[in-house]
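In what comes next, chain A is part of two complexes: it sits with chain B in the first one and with chain C in the second one.
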Partner chain A sequence: MSDSGFGADTITRTVLGRRSFMKWSAAAGGAAALAGGGLGFGLQWADRAAAQSDATVIPTGCAHNCGGRCAIRAWVEDGRVTRIETDQRPDSFEDPQLRACMRGRTNRERLYHPDRLKYPMKRVGDRGSGEFERISWDEALDTVAAEMTRIMDEYGPESMYNNYATGGGSTMRGSVNATRLMNLFGGRLNFYNNYSWAAAQWATPYSLGTDLSGSSRDDWVNSKLILAWGFNPAEMIFGTNTQYYLKEAQKAGARIIVIDPRMTMTASAIADEWIPIRPGTDNALMDAMAYVMINEDLHDQEFLDTYTIGFDEEHMPDGIPSGNSYRSYVMGDGEDGTAKTPEWAESITMIPRDRIIRLAREFAMTKPAALIQGTGMNRRAYGEQPVRGGINLAAMTGNIGINGGWASGMGLCERGVSVGGFPAGENPVEAAIPVYLWTEAVLRGTEMGPEDGLVGVDRLPSNIKFIYNCGGNCLVNQHGDINKTTEILKDTSLCEFIVVHEHFMNASAKFADILLPAAMDLEQDDLATTWAWGESLISFSKAVEPLYEARTDYDICADLAERLGIGEEFTEGKTQEEWVREAVEVTEEAYDDFPGYDAWREEGIYVPTFDEPFVAFKDFRDDPDEHPLDTPSGKIEIFSEDIWELDREGLPAVAQYVPEWEGGPWDPLFEEYPLSCMGSHYQRRSHSTFDESPWLDEAMPQRLFMNPVDAEARGIEDGDMVRVFNDRGEVRIAVRVTPRLVPGLVDLPQGGWWQPNGDGVDVGGSVNTLTSLKPTPGAFGNAQHTVLVEVAKA
Partner chain B sequence: MSTTEPVTTRLSPERWATDLVAHSLAYGFLSRAIYQEPDGGLLRTLADDDVAATWPVEGDDTDLAVGRELLHGFLREWSEELLPELRRDYTRLFIGPGIKAAPWESVYLSRDNVVFEQQTVAVRDFYHRFGLQAPRLRREPDDHLGLELAFMVHLCSLALEALESEDQRRFQWLLGAQRTFLRVHLLRWAPRCLGLVIQHAATDYYRGVGHLALGTLRRTAETLGIDPAEHAPSVR
Partner chain C sequence: MSDQQMAFYIDLAACSGCKACQIACKDKNDLDVGNMWRRVVEYVGGDWTRSGDAWVSTVYAYSVTVSCLHCQDAPCAEACPSAAIVKRDDGVVLIEEDRCIGCRYCEWACPYGALQFDDATGKMTKCDFCADYLADGKEPACVASCPMRAMDYGPLDELRDRYGDLAAVAPLPDPSISRPAVVFGPHPDSRALGSTSGRIGNLEEV
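Presenting the complex of A and B:
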């Protein structure tokens, strides 16, 4: 402001007193700042060199834990993502496009969401209060490094825990960085299992010697019949294009039957038929199908004699009392003396006996046929049972090791694309807990033992005192019994320090002591391989710089490593992009037609060529003596002596129907809470990721799904607000009344963000407000779909 | 709006100078209050000597009156101990998580309600025409309310310079630029954002800032002969 002419003098005469002018001028940043338009703190003189750039298209991807790994092409203009498109390559059955679904298409909205986490924050209220204050990166990282050092010194490496976190699905994703950092820093308490497949991955090897029991999906066109049993790729993806292969199979002549308590999108959009079933009773249907096959002599006795043990009394391991074969159990010659007739199963499953008989005959007489299991069933009270039960039916029909068949069980496929990874480093700690019991290890780690699934040591020297939660929501939202979990976490004398990397303020981020803003996929160089099923290698190139003060998980952990005195060990002098380059060296070696690193970066996708479908257990089928399975007998173990020796409640040595706790009228809780509650996978989310999207929320709001029969009995109408509750908690949410799920069942799609109101009622609709922390008997896995509740109009 | 009389001749040069200085003071303070986390120095400056008893921009306007009263009342009680509360309020309003009054234009005006949209680029271009750019370019959006208000300070200063050098053409052109910036940008979204500030602020300080910003924008519009209501997006 000039002092000459009209400037300050005029003002002071006419409007403001001089003193007031001077003060306001100071408040506005000083006269110098005013003259330059707030240049003291806000706008700057423009850098003339910063010319606008033309639009470019950057190949990257969408990698979350839906199992899809899909192509994203980001249009970038002047440092800004203006539009997202997906795979534009030619589309063919041999090499189908890796097209992103509606979740993937919201990546730009995710990137530019106004409520993204922007700066490092420290907790200023009570833990879990969600009150944070912006701090500098230096203060944040100094604090984390100091706490890691203090807790490591005070309690030892078994007190340090890197929580399960799969919000990202790329090779350089957050949790891998935290694992490497903690391993190099002196170790951490290990976990085994995951939240998806604990029971399935535990149980399948008891029958088949491996959990890689799946063929490649391009073999489904060879099937004549596909039983998609609790299998719903149309909604939950399970590998990019899985529903496409299902449709191709149908086009090639396969009949597709969906068995599911919900009329899923797979049932309504793809299947020829939907057989609704009461949740948690799949083994009763399997057992009755076995009964019909045996009764009508439709089973493949020759296959069973050659390739299995434990089907009948003639093929049992030595020393097992008679009556313990699967046939004895099914035909009523076992301990319970009950024949597993279709009538018996009808009362349990709600499926009419005639339908059961027809299904058994069709599955036994249509060759080849594939019983493909989804994994929702394995997240139930006795989740080990349906996994091995499905294998029994596949074996009884001789559908294992052939084109168009399917061994059932976990069903992961051995065939994939060869690529290296980001090395996690060696963890010097031997001790490992089942992942679902980490809250127990915070609460009473030193009291845990083999009875809680602790392995590697007899006892833990410490409870968990430090948690690194890097890009995942299992700290709160996706773990069971949120009210109990958060009660444990709120007590800062138990777990003394929690650091979280996140993109948004989800339930887990709320419980951070230090909360760090992480870069998104569009903001970093990375790669992703398809998960479980599929063979592609997707290149992620940085489209834009990380917004605000967000940083990549790698850079954050590298800076922490520096502070912890292990900087060089952590980075080995490499940037993130250099680690990506190194990982792909494996691919370069493995395939002659790999175009080379630079060309692959430019094209974005590499898919190796395969001459024919991969068939799991083909070598075993062709020559069982030369290629035995990795089971104690070398055969398919319908009866498992190893499980027999475990001798655990709810864990029979032959798969069978076990009535669930919180399963039905036999549980006293049923009187008060007569509805079964599941948390299905919702198309709008990948678990809890994408719940922040207003687009997807509008398309598919979080709701409770309920059958009209149950709604009417409670005076509830479509759209009403309802209370969903049990002894563990209460959710308040709008209801969708629909016949697309069986009576007696309500569905609160998993992944909604927990938002307690003042009374502790969750108005965000996380199903885990209602779920139990009780594990499955074999794997100590999560049984989050076995829940009893009551619903009332709010 | 159209008028036969150039807006620049409606007021005397002295009166224009007064107005421009007053507005640049007001926008300078508002810009700083909204763009930066609260700092003790600024608050002390304001609290000392009862600065807030006056507001540089005069006028018979409810928002100005209410805002002045709220700010004045808050500053009378000011002590450093209130700073953490003020910081929490700022964080909730303008940073998040759980952001209550997202301070970026494109969040209000773009189809998808996100940051870094066409509006952001248009504002960037506007700044650039006057030789300015946002700090942390491409990392943080250019159309932050605090930056747009800072840009108003710059436009006021340039106009004042033109006035002092008696360059009528340039003066008129600069007022035109202010009018365009207000009509195309600030007036189209700032009232909605400031409404959210007033609604969600937990302290009288930010409630006061919200009212003062609303009132000041309205006064600027009036001075420049713009009907603010004309430029607010219609609500169906």
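Presenting the complex of A and C:
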């Protein structure tokens, strides 16, 4: 079947009649001419050598929300970006280059993409129809300002909502501009949580008093064993260079085990071993590991006695009935009377009992060891549980507060480069909703209360009536249950006005009433810190002027502010570059070796030097009385009295396995929909960003990944078109049959652009056509990975 | 220019299949969809068996990034009727586009599918080892792009001294055909040349 030069088993001696080339310049049409020409062919190597000498190299960055933030150096010739390079500084373990991944390397393709939004537009068809008409900037901004004023007057500030938007990850990104604009204009309904870590950031502090539970990554070389539990930095990045640090740890002697339902790139290229697990059953494995450790007396009782509460009945808060410690739960002395044996866990996790026993012994007996969690698990039905469960195991093995250990939980690190930000202003509104429930606030905001996670007020005075969606795709594509979400959005009597800033006509853009073309990173001055660990400061210098009629988010919001009578308050008379300069004043004051603003802009990167790795909770470990944790007891709370008092279903006070709704055979829905469906982070996109890229589509096309066991049972072969469906919707997509995921699981990588056909079937492959809006019990966070579906040949 | 054969080194144990090299190459060389001077092959094998309530996996996978390997016995050059393919003193194999007549014989001769026809110009194209960068003392774009630092380059003899002399794993062709200028570091699961225990898992991508 191959026309690619690679046969099914070995490379053959031919390549081509390859796919027909995309006629880039023809497709781009007038756009290419405007952009100064598309990509071109035809230079010989010698010509290229001559050509490069004319290029000016502009240091900038790639700041989408993948989990990176990487250095980009844009070659500019005759006002046109002609090449993307990455960090050119010397590369060392102490100061590794901030190398952009394949996504970052497509920024030129993205910049000159023929489908870019080119001018302001207003909706002329039904909302969501995608029918728009070109208008002037004046008309667009006059309309937005008038609607903001009208809705504010009619419904009050709680009706105004700035939707979660992380398409940009730089300091001057769109969402911060919209926040500042709306705060200064009189306020907006707040949200808390995010779509990434709601449960993890909620749960970790109950155990550790903070979600900054991570050490610095240069400490991993001190580990002897690393359990990368759902942790997949090779694909989703989780900090520029995180995969590199993990590999360096392995080279330094750490054994690395990946526990994951998928054989991720981390599993195949970094790990020594992959332990596949049924998704959503991580706590069953954790509990059985705890059982083995207790049963074989491998746990660190001294650490538990000194630094924790709630492990055993001897260390429980006053007034809690006996049988509620973690030990009681694990050993079958708790309410359920079930010992969490490896046999018990095998039937739940699908991991052989012997493997569970060996894993428990190895983790208990190898010192120091690090259980590093990914956050996919926290986006599940009971996402709070694995987060605190991982901390239990870290505590039972005494791996907290030491070099080479890891406290588990959220794992963010308190060490990072000091820098200011673009101030968002004060929001006079107290009310806040959990971000995943914003559609509820559109539908029935005034009926929401604490039972929906509403905080700050008892009841909302208004439903959401105005949405500013500034550089994000959570309005539609990345929110759950798209069919329900779009039904709510289509009703213009609910949310009366939606304004969107975008680069492309994605699903969220289609639901705009006014759609504004925003400038890209390469078209503006900005800055960003590297993500998660935030140890580096990247300068973004404008490489080229914004194309077409695109404008920066800052300029757009500044002009709106002018119309709203708050122009001076918004800009304070500063240009965007002057805000960047101001943010960096903090850095200049903090570090003696900061080279100064101009030199940093020229170099593009500043990395403070650190003498030694940062170890989270080291002071607590060294002296728990002098440096107690910020928990009620000052100790690690394996049992949380605060959670006990919440008394919510699916939210036990000690972390434990809770069978998921839409989890496995125990759910009645399983009969009709017997496959779990997850939406992994596909390297081809940063969430939904880059889905438009032809280069990335060629490199990693959107597919449904399915195990041969499940494919065979359904008569499905590699490459077939399939229907993926449940009661919420249907996706039609080609299948990739691969053994790289557990039987019973299909993976539809999240971020594919929702494209309903005439029958409402999504042919773009957005997993959120299938996901649920039901939140987690603790954080009211998104549980978008807990989904049951069936798959059939189309 | 060195008179030693230039070569690539690929650490298969660290190559994740992320394709930063592929895209860095496409961007530098303005390659449209359909033309990939560097491609990344996923080789995957093993299966799943039921054992009680558990599933036991013998699944393995590794990635191999491949470009023109600037072979010591470049069959593309031998096949070219217009002498458009030249091998420089440093072993780098280049296409002189003005001499290329677009007959595509080289395409058939190359065991690696490295030579690719450009519909727009009617000429063959392929990896030039970033000859311009080499002249400037810079790393080739692919090598410099690798987030896992899995790639290196240099004179073949030096790479062999440093990394050994593995020139192929499955699913690559027999290196005796063309003596490619490449050294691979093995992946713990990489299968030997000619093995058919696994298959290419991402055929549509390469």
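Here is the rule we use: the second predicted complex is superposed on the first by the 739 of 794 C-alpha atoms of A that agree within 3 Å, B and C clash if a C-alpha of one lies under 4 Å from a C-alpha of the other, contacts with A are read in each partner's own complex, and residues count from 1 in each chain.
The rule is short, and it goes like this: a residue touches a chain if its C-beta (ideal position, glycine included) is under 8 Å from a C-beta of that chain, and two chains touch if they have at least 3 such contacts.
Computed from a predicted model, the values in this text were never measured in an experiment.
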Which of the two partners, first being chain B and second being chain C, lies in contact with A:Glu131: first, second, both, or neither? first
In the superposed arrangement, does A:Pro546 touch chain B (first), chain C (second), both or neither? first
Identify the partner contact of A:Asp78: answer first if only chain B is touched, second if only chain C is, both if each is, neither if none is. first
Tell me the contact category for A:Asn183 with respect to chain B and chain C: first, second, both or neither. neither
Mind working out whether A:Ala100 is in touch with chain B, chain C, both or neither, as first, second, both or neither? second
Check whether A:Pro694 is in contact with chain B, with chain C, with both or with neither, and answer first, second, both or neither. both
Touch check for A:Asp115: first (chain B), second (chain C), both, or neither? first
In the overlaid three-chain picture, which partner chain does A:Thr308 touch, first (chain B) or second (chain C), both, or neither? neither
Doubly contacted residues of chain A, that is, touched by chain B and again by chain C: 1-2, 4-8, 10-11, 14-16, 19-21, 24, 39, 41-46, 108-109, 694-695
Touch list for chain C against partner chain A, complex: 13-20, 22-24, 26-28, 30, 32-36, 41, 44-48, 51-57, 59-63, 94-98, 104, 107-121, 123, 125, 128, 131-132, 135-136, 141, 144-149, 170-173, 187-189, 194, 196, 199-206
Chain C partner contacts - residues on chain A that touch it in the complex: 1-2, 4-16, 18-22, 24, 39-46, 48-49, 52, 83-86, 91, 99-102, 105-106, 108-109, 234-235, 241, 243-244, 247, 263, 265-266, 268-270, 272, 274, 276, 346-347, 350-353, 683, 694-701, 707-709, 719, 736, 738-740, 742-743
Within their complex, chain A touches chain B through residues 1-2, 4-8, 10-11, 14-17, 19-21, 23-29, 33-39, 41-47, 50, 78-81, 108-109, 112-119, 124, 130-134, 504-505, 509, 544-549, 694-695
Within their complex, chain B touches chain A through residues 13-18, 21-22, 24-29, 31-32, 35-37, 42, 45-46, 48-49, 51, 54, 56, 58, 84, 87-88, 91, 95-99, 102, 104, 107, 112-117, 120-121, 127-128, 130-140, 146-147, 149-155, 157, 160-161, 163-164
